[in-house]
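One structure is given below, represented as structure tokens, and several questions about it will come after.
Order as written gives the chain letters A, B, C, D, E and F; numbering starts at 1 within each chain.
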Amino acid sequence: MSDAFFHPVSGFDLPRFAGIPTFMRLPHVPPGHARFGEVDIGLVGVPWDSGTTNRPGPRHGPRQLRDASTMIRAQHPLSGLRPFEAVKCADLGDVGPNPADISESMERITAFYDQILDAGIVPLTAGGDHLTSLPVLRAVAKSGPVGLVQFDSHTDLYHSYFGGTMYTHGTPFRRAVEEELLDPKRMVQVGIRGTMYDSEDMDFARANGIRIITIDEFFARDINDVMGEVREIAGSGRTYVTYDIDFVDPTFAPGTGTPEVGGPNSYQALQVVRGLAGLDIVGADMVEVSPPFDASGGTAFLGASIMFELLCQIVQSGQKG
Amino acid sequence: MSDAFFHPVSGFDLPRFAGIPTFMRLPHVPPGHARFGEVDIGLVGVPWDSGTTNRPGPRHGPRQLRDASTMIRAQHPLSGLRPFEAVKCADLGDVGPNPADISESMERITAFYDQILDAGIVPLTAGGDHLTSLPVLRAVAKSGPVGLVQFDSHTDLYHSYFGGTMYTHGTPFRRAVEEELLDPKRMVQVGIRGTMYDSEDMDFARANGIRIITIDEFFARDINDVMGEVREIAGSGRTYVTYDIDFVDPTFAPGTGTPEVGGPNSYQALQVVRGLAGLDIVGADMVEVSPPFDASGGTAFLGASIMFELLCQIVQSGQKG
Amino acid sequence: MSDAFFHPVSGFDLPRFAGIPTFMRLPHVPPGHARFGEVDIGLVGVPWDSGTTNRPGPRHGPRQLRDASTMIRAQHPLSGLRPFEAVKCADLGDVGPNPADISESMERITAFYDQILDAGIVPLTAGGDHLTSLPVLRAVAKSGPVGLVQFDSHTDLYHSYFGGTMYTHGTPFRRAVEEELLDPKRMVQVGIRGTMYDSEDMDFARANGIRIITIDEFFARDINDVMGEVREIAGSGRTYVTYDIDFVDPTFAPGTGTPEVGGPNSYQALQVVRGLAGLDIVGADMVEVSPPFDASGGTAFLGASIMFELLCQIVQSGQKG
Amino acid sequence: MSDAFFHPVSGFDLPRFAGIPTFMRLPHVPPGHARFGEVDIGLVGVPWDSGTTNRPGPRHGPRQLRDASTMIRAQHPLSGLRPFEAVKCADLGDVGPNPADISESMERITAFYDQILDAGIVPLTAGGDHLTSLPVLRAVAKSGPVGLVQFDSHTDLYHSYFGGTMYTHGTPFRRAVEEELLDPKRMVQVGIRGTMYDSEDMDFARANGIRIITIDEFFARDINDVMGEVREIAGSGRTYVTYDIDFVDPTFAPGTGTPEVGGPNSYQALQVVRGLAGLDIVGADMVEVSPPFDASGGTAFLGASIMFELLCQIVQSGQKG
Amino acid sequence: MSDAFFHPVSGFDLPRFAGIPTFMRLPHVPPGHARFGEVDIGLVGVPWDSGTTNRPGPRHGPRQLRDASTMIRAQHPLSGLRPFEAVKCADLGDVGPNPADISESMERITAFYDQILDAGIVPLTAGGDHLTSLPVLRAVAKSGPVGLVQFDSHTDLYHSYFGGTMYTHGTPFRRAVEEELLDPKRMVQVGIRGTMYDSEDMDFARANGIRIITIDEFFARDINDVMGEVREIAGSGRTYVTYDIDFVDPTFAPGTGTPEVGGPNSYQALQVVRGLAGLDIVGADMVEVSPPFDASGGTAFLGASIMFELLCQIVQSGQKG
Amino acid sequence: MSDAFFHPVSGFDLPRFAGIPTFMRLPHVPPGHARFGEVDIGLVGVPWDSGTTNRPGPRHGPRQLRDASTMIRAQHPLSGLRPFEAVKCADLGDVGPNPADISESMERITAFYDQILDAGIVPLTAGGDHLTSLPVLRAVAKSGPVGLVQFDSHTDLYHSYFGGTMYTHGTPFRRAVEEELLDPKRMVQVGIRGTMYDSEDMDFARANGIRIITIDEFFARDINDVMGEVREIAGSGRTYVTYDIDFVDPTFAPGTGTPEVGGPNSYQALQVVRGLAGLDIVGADMVEVSPPFDASGGTAFLGASIMFELLCQIVQSGQKG
């Protein structure tokens, strides 16, 4: 039988609106906590948006995601999986960035994730803007480049912004490829859309063998077919999953900084994660949830629901072997 | 020719934003009114949410639904039906609950509906949370169990909450089956989804022959096919239709207390009601509209639009015989 | 003992959030109703904003004011007056304007008020933009010019707008003086402020003996002193009171179209009405409440609270003689 | 090489949140400007809603559309078209209506568009309510009736409102047919839905050969099939495209005055414009965006995204010949 | 030197928007925690609103107050007091109510506070509606009746609601007097205002020697003078302070269920607490903060700021002896 | 007679809701424009918030301030001054920062202001967070230290944040004193309040002779008396005025990142600027308006109203000599 310490607080014991909000009502087990070493999957907040070039706000994401995640219950509706009984999950707390210093923040984040990975914990991150993925990948890919499944409306593959600024939320995966954290042949980006500055990012993708599935292709094909190709590209190697909430149509997820109309609905937002079954997921993130643009919390609730799907995939990923 | 007393105020006589808002701009004919006995279909508000275990608010539902319903016009766009000319409809007013006493409130509600049913009026209710359906069914099913078509993201079939609390918005249909108000073989629930506490409700459904069509099945099948099965289950007997607004995706209906992402859109929300043609509908309700979570009134306008579809089905249901 | 028909529904019988919302939960007694002739004070909605030159919305005012007014209880906190027992009050419904025809709308409004005044009812109006006061005054001042107490941040004394447009919400009192509906010597405007186009309105006021008390003078003097002067100007003759919600600081009343910062707070908003004791009030209005700019309803609740104060003044005005 | 004067300000030079917001960050070139004569496509605001019979607000549309349009970038994601390099586009400013005089406003608008058309500029208009299209068509169709593609949930073909009011946002295309500005045989309306007053508009359409594709037909058929028929009806003649934002489901576009639930999503909202390829478009408009009902700006961002699609169609329309 | 374990997380170590939100960023020390016995002042959430007769929502209060309280820093601006260094403060977590059972909830609450008081901790409570104070007082006043300072717009001294319902947020202090938890001669209520049902509560107050300072008296007198009288009434005995956020004007605190216009501003809201210096405060609460009516969190930030003032008074109260 | 080119567009020619929004509807005269050299007072936007340590957003300030400022008319209500006729005012556009590089942004800003000052233009800035004032002062104080009048709830005199970060919105005036841009003996800060990290900023102020008038002193004294002292401190030398919108109570100005409750109301917000008459104002700014926290625009309208008061003071400052 599973360890009750790692079970979420039940809504039958303490109503869902009550209690200090941790991710999915899990115990708070920061590095240094006596039971840190036992954790299998660690939920981490990275309240940071210094890479944002347009509308800031994702620094407030983790708190709103925690709040919304208290609505998540214990069992998956389709598979019947009860992830919190299957493995030990915990809220590891937030990494504290320096909101006025990008380099220092990136170092702090990588250092925090080094601790997590050293303890054998698979990280499930709540960002933060999309630059968050870069310092996380620096820890995750320490032992070699990983594959990437990216749900997003933007490629985030630009070389630089504003005449040479290298670290923004539009550049993380360009940097990650350059730093050999990612294997471009095992990278796939799904949902790309919206007006473009130019084709520089697309050219880079093409030159490096990164597969881009635009929203037009996504809607034209069957979703199972698309996800089959995604799984094929990622293959059996270690794979990181990054989920930018702006993948979803902004009507379903208004709380984000760079919306692009014409995206998937909330059911498709879940389906794509369910389509990852069988991958070897070594980490995942949910980024770009920006509370100032959705005080209602609806975006965060969708984000938390997707995080639950990601969590279930990680659990099943681990059970595979 | 139909009786002008029962016609809604026209937007050409009094602009739609003007006037004291009754349901669909119908006359206010409470019990005791001289013409109460003539009413065929009665729209009733039940401003009550004492069964709510999480986020309260549906007690404010009837007023916002009335306001939004003043945007409804006289003719159905597809069928051309002009329901207010076909039969006599009226706003019967609200049942006054005691917000601090669940039992007393249930008694008040059943008593009010007894009056309505004694007068031969078919009730179309604006809730209130989903517990509302129970005291209404106690009146509706006085002469024997009825069938149930339920649009919802939750089964509301739980045994109890918080260690033994029997009357909440998560338990009404469990109680109704136990009280033999419903015939479980003629019950069908459409749209069920979201993370679950456990499978206790599903087990009860299976054990009693209640048919559950999850959202995954709903989306995988053709909607006409689904509604065909629904009609078959309900059959030709007396049937009650209950519509929880959280059946619809929360982006389309954010004004509700227990949202579950990944639901139908607003067109499908109408289609399922249109798919009820031919049933013998003896009452219907629209529940869980919670104004504090959607001050814009968009949820209420969707709710009112669905109520109009329900009304048209009741009219056609009556014309059938 | 007073007639229960004219008592508001009590919150102990039907909770305040329940029921079809009439003004202050009074009975709906439109012209033609059997008891219309008995009404002493009639609350009327004028959902009309065709005079608005900037941000429209007051056409939605009466409905939101009715909704908010259901929070008003039966007794005045300071005086202990129970107005609904002292005299017979009723909601007379709305005058239906033609939103696309200013002249026709003004005629409809004046005709409706003629009915009211012929029945000996004192009208308390919920607008509508400030042009509303003009057609009302045409009925009220049929027997001769009346005095005017105006709470407002603008004089509404301009000659015309947009090169010759004579009927806007910036011109009603210019027209009313020209039409001899108002006695300029018995006119006083309180709270005037904000940047100005020019001094044309001020010049007209000065030339005609209209007294303007700017917000600067208002704050510099004691409020009792100011209101003493107001009463002196209005004198013992028939007086109309017009209350533009933009008199109040826009933080307290954001739901309005032409806000000016730096106004009175909500307590002062009530105090000025209490300072009218002893006047012979033959009608009053609350105008420029614009729901689209305050969906929360806070502005309307303040408006309804002020209407209750106006109502109590009218009651006491009548008892005086 | 294209003229840099007519290029939008790049987000790499000035962040997208910076700068005075013109349409799509284009230069402001009003009539009278030295380079007015060079403009190929002119974006124009018509901040006017005097034709609105229910909830006003579109007078604020152009400003919010300009603001949202600063998020639009230089290149179309599917076709790769860079419209601002292909032809000379500019923001021509707003036509100033008289908000209190419908006739005068229509004259001002037609006069402004006469100037535009005399200069050989194709107008892309940001309304304003749907009555806006009428005075624009009076200029556009000076040389003879044009075809019309209309995306809308309402036909706007009514004869009159409120007992004889001829100019409202429910009547523009009735008037335009009567005035022979439109060729009814080349008119097609897509997306019609919602409860109806009666069938008077439909009868007029049928009698005149105007093709109406209801939302039910739209959803039942393949969108490419629908748009093929649309192109066939419009044919090779001069065609005007009018896009009422209420064509889109109100969840995706809440900022509008007369919403009807059950409409297309935001991807379909773009697809229908892409389906116009090959038409000879002589003008287009985006109307009924009403900021007071969506302060978040999401509706305006969708509207601006659709305007970009319309702009690209006009560019390609011009390149065709 | 003070114990760092009990210091709030500094904004220089972890930005204020980061981290799991406890009250004022204090450590979470629930009953059972190893250091529970060391706590001097315990901050407790009571997420409960079953006593609410009108607009529900305060059950969500503690979470929003925790979130807002992360903006509170370590030092009082006027006195220079650093309360978290002066004594040991902690977040004791929430008491879990049964939202569908009033009696059971009251028992749970009293039991929780019995634990706190047995440990010698002074409780500072975040409600919850005003009924919260009753079960808390049952624990606090176990050793004998205490004095009461109440900031409120309502007396909450009613006998019952809805024909005999004894436990609502309008009755707690009537019950507390009856149960001899409060010494009516040492009770003072400040800020009472708003329209009234009748004078039954006022009569009870007068008959029992409870001092009521209406808002009119409050504004007419100097605030120091008022607070001097308050201190005199409370005297040197054990005193409980209850602060209903609706004491403050609803413009400053819109997030509440029963607003009354015309109240104090936010500076006065702090001043009255500063005026309590010298009292022997044995417990305090902040109640009726209702997040659904203020998603912006402004009300909660004011509530948290007042809680900090209350905390400082409790600290100084303890230091006095 | 004054030059019409520099007059704002009149609301009688183009309604206030129409037109591309420049500051106060002034002409857009960026550096390089033919008439740049003629400008007396230049309104400039600095859309930049890289110094924000908590809730970001002021980068969106200039656009919302421009929008709101279109409600400002031509004449001051008290003095009758018509500033746009008295001197030549223009909107100089925005300085484009690099949102991901603080140093580069500061250099860009100073360079832009050097141009302005070289042209003899007095700058009136719309920020941006409070760090904005530092690069502006580097240009303004080129010829020697200036005096400073600061309206604010924070001193912004901290040494550094997050262990050594020197440039944030909490440090600009520390830096400016160190860089000898300001004469500390001629510095006065008004409105300081809220909980504090520690007393380090206050100690610095005391040590350098900077006068701090806390909100408690402000409210305790007469405002004219306070402003008399302010004028005395600033003296007759060159003085810069910086107005942080969080000086005002957050209920009046919710759109800001670091609110502190208990501040001045909107009338006092204007009064303090009026109290600057006679100073030699060489520049002024309005900072920390953060649109994401007030989508309604009320904060920006207050900010624009204050900017008009500042503008009038600058005009009168110039006329003095």
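We adopt the following convention: contacts are C-beta pairs under 8 Å (C-beta built on N, C-alpha and C of every residue); 3 or more make two chains touch, one makes a residue touch a chain.
Here's who's who by UniProt: A, B, C, D, E, F = Agmatinase.
Here the structure is a predicted model, which is why all the values come from computation and not from measurement.
Q: Hey, what chains does chain C share as contacts with chain E?
A: Touching chain C and chain E alike, sorted by label: B, F.
Q: If you fit chain B onto chain C using only Cα atoms, how far does it have to rotate, to the nearest 5°?
A: Rotating chain B by 180 degrees superposes it on chain C.
Q: Please identify which chain has its centre, taken as the mean of its CA atoms, farthest from the centre of chain C.
A: Comparing chain centres, A lies farthest from chain C.
Q: If you average the CA atoms of chain C and of chain F, how many Å lie between those two points?
A: 39
Q: Between chain D and chain E, what's the gap in Å when you average each chain's C-alpha atoms?
A: For chain D versus chain E, the centre distance works out to 56 Å.
Q: Touching two or more other chains, which residues of chain C qualify?
A: Expected reply: 15, 17, 53, 55, 59-60, 99, 161-163, 251, 265, 293, 296.
Q: Name the touching chain pairs, please: which are they?
A: Result of the pairwise touch check is A-B, A-D, A-E, A-F, B-C, B-D, B-E, C-D, C-E, C-F, D-F, E-F.
Q: Enumerate the contact residues on chain A facing chain E in the complex.
A: So the residues of chain A in touch with chain E come to 13-15, 17-22, 28, 45, 47, 59-60, 62-63, 66-67, 91, 93-94, 96-97, 99, 295-296.
Q: Which of the residues in chain A end up touching chain F in this complex?
A: Contact set of chain A toward chain F: 49-53, 55-57, 59-60, 98-102, 161-163, 165, 167-168, 292-293.
Q: So in the complex, which bits of chain E are touching chain C?
A: 53-55, 161-163, 192-199, 214-216, 219, 249-251, 254, 258-259, 261-263, 265, 293
Q: Report the residues of chain C in contact with chain E in the complex, numbered from low to high.
A: 10-12, 15-17, 71-78, 80, 251-252, 265-267, 269-270, 296, 298, 301-302, 305, 308
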